[in-house]
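Each chain carries a letter (A, B, C, D, E and F) given by its place in the written order, and its residues are counted from 1.
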Amino acid sequence: MEIVVASSVGVLTAGGIYLMLRLRAFPVILGLALLSYAVNVFLFSSGRLAIDMPPILNKYGEASYTDPLPQALVLTAIVISFGMTAVLVMVALGSYIDCEDDRVDMPGGLDGDTGKDDGQ
Amino acid sequence: MSDGASLLPIIAILPFLGALVPGLMIRAGRTACATFTAIPTILALTMLIVLAPSVMRGEVLQAEIAWLPQLGLSAAFFLDGLGLLFAGMILGVGLLITLYARFYLSGEDPMGQFYTYLLLFQGAMLGIVLSDNILLLLIFWELTSLSSFLLIGYWKHLPEGRQGARMALAVTGGGGLAMIGGMLILGHIVGSYNLTDILTQGEAIRASEWYLPALILILLGAFTKSAQFPFHFWLPHAMAAPTPVSAYLHSATMVKAGVFLMARMWPALAGTEAWFYIVTTTGLITMVLGALIALFKDDLKALLAFSTVSHLGLLTMLLGMGTKLAAVVAVFHIINHLTFKAALFMTAGIIDHETHTRDIKRLGGLRHLMPVTFVIGTVGALSMAGIPLFNGFLSKEMMLEEAAHTVWAGSVWAVPVLATLGALLSVAYSLRFIAHVFLGPVRDDYPAKPHDPPFGMWAAPALLVAMVVVIGVLPAAVVGPLVAVAGGAVIGGGEMPYYSLKIWHGVTPALYMSGIAVAGGLLLLALHRVLDRIWLAVPRPEAKVIFDALVSWVAALSRRITESAHNGAVSRYLAILTVATVALGYVAWRGSGLSAPTRAPLPVPPVVAVGWVLLIVATISVVTMHRSRFRALVLIGVIGLMISAGFVYLSAPDLALTQISVETVTIMLLLLALHFLPKTTPRESGAGLRLRDAAIAVAAGGAVAGLAYAFMLRDTSSISDYHLANSYEGGGGTNVVNVILVDFRGYDTYGEIIVLGIAGLIIFALVETLLTGPAARRLRNADLSRNISRDRHPLMMVVATRVMMPIAVMVGVYIFLRGHNQPGGGFVAGLVISIALLMQYMASGFAWTQARKRIEYHAMIGWGVVIAGLTGAAAWLAGAPFLTSAFGYIHLPPIEEFELASAMAFDLGVFLTVLGAVMLMLFSLSRLARHAGESVNIEPMDYDPSKRVETAEGGDR
Amino acid sequence: MIADILITFFLVVSGVFGLVGSFGLIKLRDTMQRVHAPTKATTLGVGGVLIASMLYFLLIKGSFSFHELLITLFLLLTAPITANFIAKTFIAVHLRARDLPETGGEYGWAVYDDPPTRPDAE
Amino acid sequence: MNHWIIAPVILPALLAPILGFVMRHDITLARAASVAGAVALVAIAVGLTMLAAGGETHVYRLGDWPAPFGIVLVLDRLSALMVLITAVLALIVLLHAVASGWDARGRHFHALFQFQLMGIFGAFLTGDIFNLFVFFEILLIASYGLMIHSGGPQRMRAGLQYVIINLAGSTLFLFALSTLYGVTGTLNIADLALRVQEIPTDEAALIRVAAMLLMIVFAVKAALFPVQFWLPGTYANAPAPVAALFAIMTKVGAYAILRIHTVIFGPGIEATDGLAGTWLFPAAVLTIAVGAFGVMGARRLMPLIAFSVVGSMGTLMIAVSVFTPEATGAALYYLVHSTFAAAALFLIADLIVTRRGADGLSAMPASVQNGLFASLFFAGAIGMAGMPPLSGFLGKLLVLDALRASPQMALAWVAVLLGSLLTIVGFARAGSTLFWKSTALPPEPVPADGAVPAAARPVEVAPTMVAIAVLALLAALAGPVAGYLEGTATQLFDRGGYIGAVLFPQAEG
Amino acid sequence: MITGALVFAFACYGLGLLFNLWRIATGPDAADRILALDTMVINVIALLILYGIWRGTAVYYEASMLVAMVGFVSTVAYARFVLRGDIIE
Amino acid sequence: MLKRVLPHPVLSITLTFVWLALVNKITLGNLILGGALGMIVPLVTAPYWPDRPTLRNPLMAAEYILVVLWDIVVANVQVAMIILFKRNDAIHSKWVTIPLDLTSAEAITVLAGTITMTPGTVSVTLSADGSNLLVHCLHTDDPEAVRDQIKARYERRLMEVFQ
């Protein structure tokens, strides 16, 4: 099972990074989404894997539970990355509407401008 | 500290305080400015005079104020002979310059600014010569660079002024930076930055292995400041400054700072071979080269500037010789040079002021038109030439005498010959100054009608040339004591060498050399026209051109480096980040080993393997098909589904719930955004680039997988054992994950909902900006319509969602209420309710649903954040820390026992924030779409057939 | 024993219909035909599993479990809508109005034709 | 437990939603509340600094759970110092934003500003590494909002890049944290310190990776080579007051490296021995080079300042990389200095650019108040370039002096000094073009609509002057300040004290 | 016996997932992909309930319920996107 | 008064059952809580229910459900046979237009849903005025028969339930 989880994390990471390195905002967003899947599973796996030991306390008997802490951390991470993704999407959209293309690179580097002026 | 010594810091600070005054009276008249500038100078000078007697008696006055003891930097001042000499020069000449500038500058020039800069400079210079701490000295040293930058660039509209100022700053500032290094090393060797300590440690310093680097770095500072070859080039360009500045900085004070420093450090650094060869050689070259160039300069100020370079070389050479006598001679020549050179600069200024030109070739015959100026200029120039009865002669003779006894690399001729050559050239250009400016016939083509200036303008140079003569005739009486005490200070106490200040020393080698110099000088003057033609014909490297080329080369190189590195390609930045991370991670990993695995891997059931295949194939497909954006989104759906299922399998039901709901909302968000964006991604990167990216990606993926595999197979003890043990007793819940979220680590959760709240704010603000800015017009003109289908709000969907809505709300409430004990909680509940609402929006359209909204999403976020915060803060009422929870079990027959926990209020905050944020995000995107011209629905469904019946019955279809 | 048989029966039936539904997806030749396939997975497939689950908890675990009904309710409510949307997606992209039979009424199919304007709408 | 410790987090966290959701229609009210909040924060920060000055490490156990099981806040001299710097900077920047009207050029400026402060304060105060991540995210997401405040194509694109690069950074942070937890099973910084020091040297591969990844994460924030690329584009395109506030953001990265790589992976920990310093040093040297070349080669004012910030981070981190109390004391002095120097420059740039209408480093007709702006720019530039009499020079001396003991002294000195030279020349060129060359051009014809840029009112210039005054004050009071900071550094390197205060409160008494 | 039936059902739905994947990967139409994803959701619901029976616990029930609920929403959203471009009009 | 507190009594009862199903146990406490929620939730969601559907013949509704359930089972088997054993080119898919007598949106929805849920037929779209339903038939050689069966077996019963 560990190899399944590890390889999934690896493939998600690789896919995410490849897309993150693309030149358009949309694939970059997809890439970051994949990366966030990857890192969530990675974080989850830091509590080690366990089958059918959910950390829901059983009042009536002895039971063993998986490590609940990474799960809580992943939940926090999921929520944060959701907020981040939302902002990223909106900023990408704003950039697209303002610049009329969805490239992520700045055409003229530091000194370039997008050829569009604010006021006119 | 003697009583008088406490005046030292006041003397040093006075000019800085004084600088504020003219700076504040920008619009005041010239006289007022000059007066207010003179006051602090006079005050400081008075104090100096008060202190002078004790110094002349051989006392050293010291005053120290602690400043930065951690560094060994203190505001420590001391006054010995050398300091007294220089401080007197700085203040005395400063006063004269103040007077002179009052008349020299025109009414249009911003006077207040000028005098402010002047006083700043004066203060910096005073600081240098009074510092008893080399770090403090460094501070004043750099301040002179800065204030001279301002003074040289004073006429900011002139390109020469700006360029000259920048050049001076670059060269002297750069030298100053080198000096920082040198001084820190020096302090390191001695263990103190106190100058008086350092001066007593000469033996140790010279024996240290750090001596040579320290020496070189400090000399770099001195040489750049004193315009020594090859750093001499900045000084002539600094002549773009107003003449008072040139007279002050470039003859009397700033350029002497380097010489001062060498003199100051003489006991500590001088006397070694390295010192001798570096300093003497540099001085010698500078002296000859400066004089040679001066001879062919037609600009009066340039001539004087190169003459100054030459004389600074002379002083440097003397200090480099390392003999006590040479050092004393240097001190004497410093005084002499000050008097005649300042006078000459002022003369040049007067000529410029009156004739509107400084070009020697356009001048001549002025002795008739400007008799007073003629006398002043001639006396100064004769002194500069080293003609007897003027003070320049005395020190030049002594210099030649010293040179005659100096052996350079085994050669007894090298130094004497070159020194004589320097003197010869000096005679030539000095006499040329007299002959070509004042002598000859009166011309009729001066740019302006020349006549002598008002008294105020010639008073200062006149005073100086008077001193030239007085010292020239009665040296021992007038400056003898001063030379003795200053010279004694330079050589660091001990026995004074034998010397005598008098005109006639008998027939010495120096006399022959002097004679040769005067004769040769006259000969050169006679041949000047011919030589000038040759000079102009011979190609020479032009220092300014080289410097400019160097600076623009550095600037261009910097620009190229900067712009090629920061080219705006974020994809490359990310690639670099990834590569750096993988590489450094690998290095860290290789630095140690790993224990043997302690956990046996869990088995992989076939269904899990199938899920794995789905996940992997979907991920690879997202990558390979990503250019079709919609397809990629569908595939992302598969990945999210598999991960959620995986969480269920791996005992994380809470994660599964959260993952699947977040996933759905995210996909809706992406679909809403994709509506505006292009539907495909063009192929823009070539095969090579894609291969490179793939390699980076695979390396990173492999690294991460390896890392995960490594720790998953090894046991560790976690703090979560405590959470499992205390969740129910201490946190009142059986869902340990939820108790961690709302209690053990509620602070994280509080932060997390704030992230969501901020996201909501940003999105709202962004949409407002887009809709009110110029982008709004582009948006209005955008055609986003995609009317593949004509039915917008199909009846079936509307009916189904109406039924779903209350049920979904029930599910939301259920998930909320049970979260503390079973999988669920405020976050998932918020998402469930948002999804229920979203169903309505999708089915019945934006406008219709929006009209039924009761609470502003904005407010909902605000309430959520505030409720969560206040719940946490409520613990304060009980004196407990933020977020301390309370819970209790309530038994209300006939209902079974139920629990009330403060964590629920906190979770309510979470719930509201999540709901508000999600809805606000989607709402904002829809706002954009409507702005892009989409029509609005009033009715929930496209067409209600039951209405058809009614209207048909009304006969009005 | 009877419980075992019952549960086994429902599990096997559900498995078979679930598989047939997914198999239809790859076997059938055009998209419109494929839309039919998943209904089996939804109805008898998941339905069978849910019944098996209720029976299992009731008969084997001895606890009365009926929340499975809620999932059934969800699926019955939503599955027709999704199928409907998917079918519409297909015809809207690939078929024109003339590829389909006439409506027999005054208005064409909603995918191609705007709804009647309401008297009260602008 | 002293509840004031959490006040810097809670006050803006409660104020921000009120600003954003209640006062969003009334800019005057929002301004008053926001400024009042900032003033209160300064007061609280002063109080906390005085509390911490005693040298005791104060621990605040959130939810009343014992460490390491709950989250704790830790107030020591370092965290108090960072809080104080932030609060003062925030007040200055906020006053500028209000006076210049920047806050009204888009929505929610004040709410985002307060949230930004909350995130920064939280990051400085927390004693839990995952909580550090959470507050990093808060300060980041708020900074995204501030970055794109008021919009515009160039800013939007730069904002997009900023968001992307930081999301990548946040992901990396999580990878690092997971590894850390996977190896140690704890998140509390003090507890981590205890557990890491027990890891045998030959089984430390995983913890070393975690330490390295964390360092890279913080290096991204601190804009160290080779992960500094994001900074110039971001700072150059951010609204100037926001860029001024961002002066503290790079310091958050520096702070995190200081905290984590001394307390957890500090000197004397065998498992990660020398890891951080070895790599920080060359990175810092190259960062100085990047900054210096950038200043020298800049074509626009805002990138010029941004690159000078990069360079100053290099100088700062070169001192940090030594990991000794002495060098850290110097680093802290330079940190305080460079924060206010950068802020002052960005605020000045705002005054100038507002009136010139563009930030290109080309001669344009002199704007109104050319002399005033020139003097302000001159002051800011000498502050940043490390020239006397402002604190930069002393900071530079302290850093150079602290590096004397380092084996790479020569390289470090050459880098710092050459970097200074290029920076000085670069600023001189820029200033000479902006303020001197422009006076040679004929004044701009009055536009048809008669709208000449208004002269800066005193209230607009005052915050900038205060920032510069802070630099002067830092220089004047260098002795006491450096003494305090030396004590701060000593306390930071006293790992036992930190661990004891957090984990064994009874033992501490 | 129940165990055997469970294994059989697991195998059926597992295999079904692979068939769905095939359809998603090959398409050819957007409708096919949405359909396959929708079917995949249904199969996952079945698998989750099967897993609950296998483990004899109801703790995973909410997950399947939520999958059922949100699966519908995302399917409709995908389809609406193809049909109308804007999923919320 | 009752109408204001309980605008949708059927819905309220349904929701109470939904609650009990969610908590998966029947206790007095849950009944009270579920009942309360069953009253509150309709009030909260009332704006999204502009017109209340009326059930005229609950008995017929029960009959309808039974019929449909039976048909689902039968049709499932039939269609499974087609999928598994019929060659693809032997499957004759047809479009069928069903003219509707139903006018209630709810009734039409139920009919269309029923058609889809019984395997072998999928309802695809309504006409723009909701008077006809387009149905896709997986395999039939007699479209008219399909149409007539749908009208007779389902629409007739629904007419009684809803109108």
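Heads up, the rule we're going with is that a residue touches a chain if its C-beta (ideal position, glycine included) is under 8 Å from a C-beta of that chain, and two chains touch if they have at least 3 such contacts.
Note that the structure is a prediction, hence the values are computed from the model and not measured.
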Ask   = What is the touch distance from subunit A to subunit C, in steps?
value = 2
Ask   = Which neighbours do subunit A and subunit E have in common?
value = B
Query = Any chains in contact with both subunit D and subunit F?
reply = B
Message = Quick check: more C-beta contact pairs at B-F or at C-F?
response = C-F
Query = Which chain, with its centre taken as the mean C-alpha position, is closest to the global C-alpha centre?
reply = D
Ask   = Distance-wise, how many Å sit between the C-alpha centres of subunit A and subunit B, to the nearest whole number?
value = 37
Ask   = What is the distance, in whole Å, between the centres of subunit B and subunit D, each centre taken as the mean of its C-alpha atoms?
value = 15
Centre-of-Cα separation between subunit F and subunit E, whole angstrom = 22
Task = Find the geometric centre of each of subunit C and subunit E from their Cα atoms only, then give the gap between the two centres in Å, rounded to an integer.
result = 12
Junction residues of subunit B, two or more chains touched = 562-563, 566, 568, 570, 574, 578, 633, 649, 653, 674, 704, 707-708, 711-712, 718-720, 723, 744-745, 748, 751-752, 755, 758-759, 762, 766, 769-770, 773, 775, 788-791, 794, 796-797, 800, 807, 811, 822-823, 925, 942-943, 948
Ask   = Which positions in subunit F touch two or more other chains at once?
value = 18, 22-24, 112-113, 125-126, 128-131
Task = Pull out every residue in subunit C that's touching 2 or more other chains.
result = 16, 23, 35, 37, 42, 65, 67, 70, 73-74, 77-81, 84-85, 87-88, 92-93, 110-111, 113-116
Note = Note: in the complex, subunit B contacts subunit C through residues 788-791, 794, 796-797, 800, 803-804, 807, 938-939, 942-943, 947-948, 951, 956-957
Remark   = In their shared complex, subunit A is touched by residues of subunit E numbered 55, 57, 59
Note = subunit A partner, complex, touching residues on subunit B are 562-563, 566-571, 574-575, 578, 599, 601-604, 608-609, 612, 615-616, 619-620, 622-623, 626-627, 629, 632-633, 636, 639-640, 643, 646-647, 649-655, 658-659, 662, 665-666, 669-670, 673-674, 676-678, 681-682, 684-685, 693-694, 696-698, 700-702, 704-709, 711-713, 715, 718-720, 723-724, 727-728, 734-737, 740-741, 744-745, 748-749, 751-753, 755-756, 758-759, 762-763, 766-767, 769-770, 773-775, 778-779, 821-823, 827, 914, 917, 921, 924-925, 928
Message = If we count contacts the way the header does, which residues on subunit D are in touch with subunit A in the complex?
response = 130, 134, 137, 141, 144-145, 148, 151-154, 156-161, 163-164, 167-168, 170-171, 174-175, 177-179, 181-182, 187, 232-233, 236, 298-300, 303
Ask   = Where on subunit C does subunit F make contact in their complex?
value = 16-17, 20, 23-24, 27-30, 32-33, 35-37, 39-40, 42-44, 64-67, 69-70, 73, 76-77, 79-81, 83-84, 87-88, 91, 100-111, 113-116
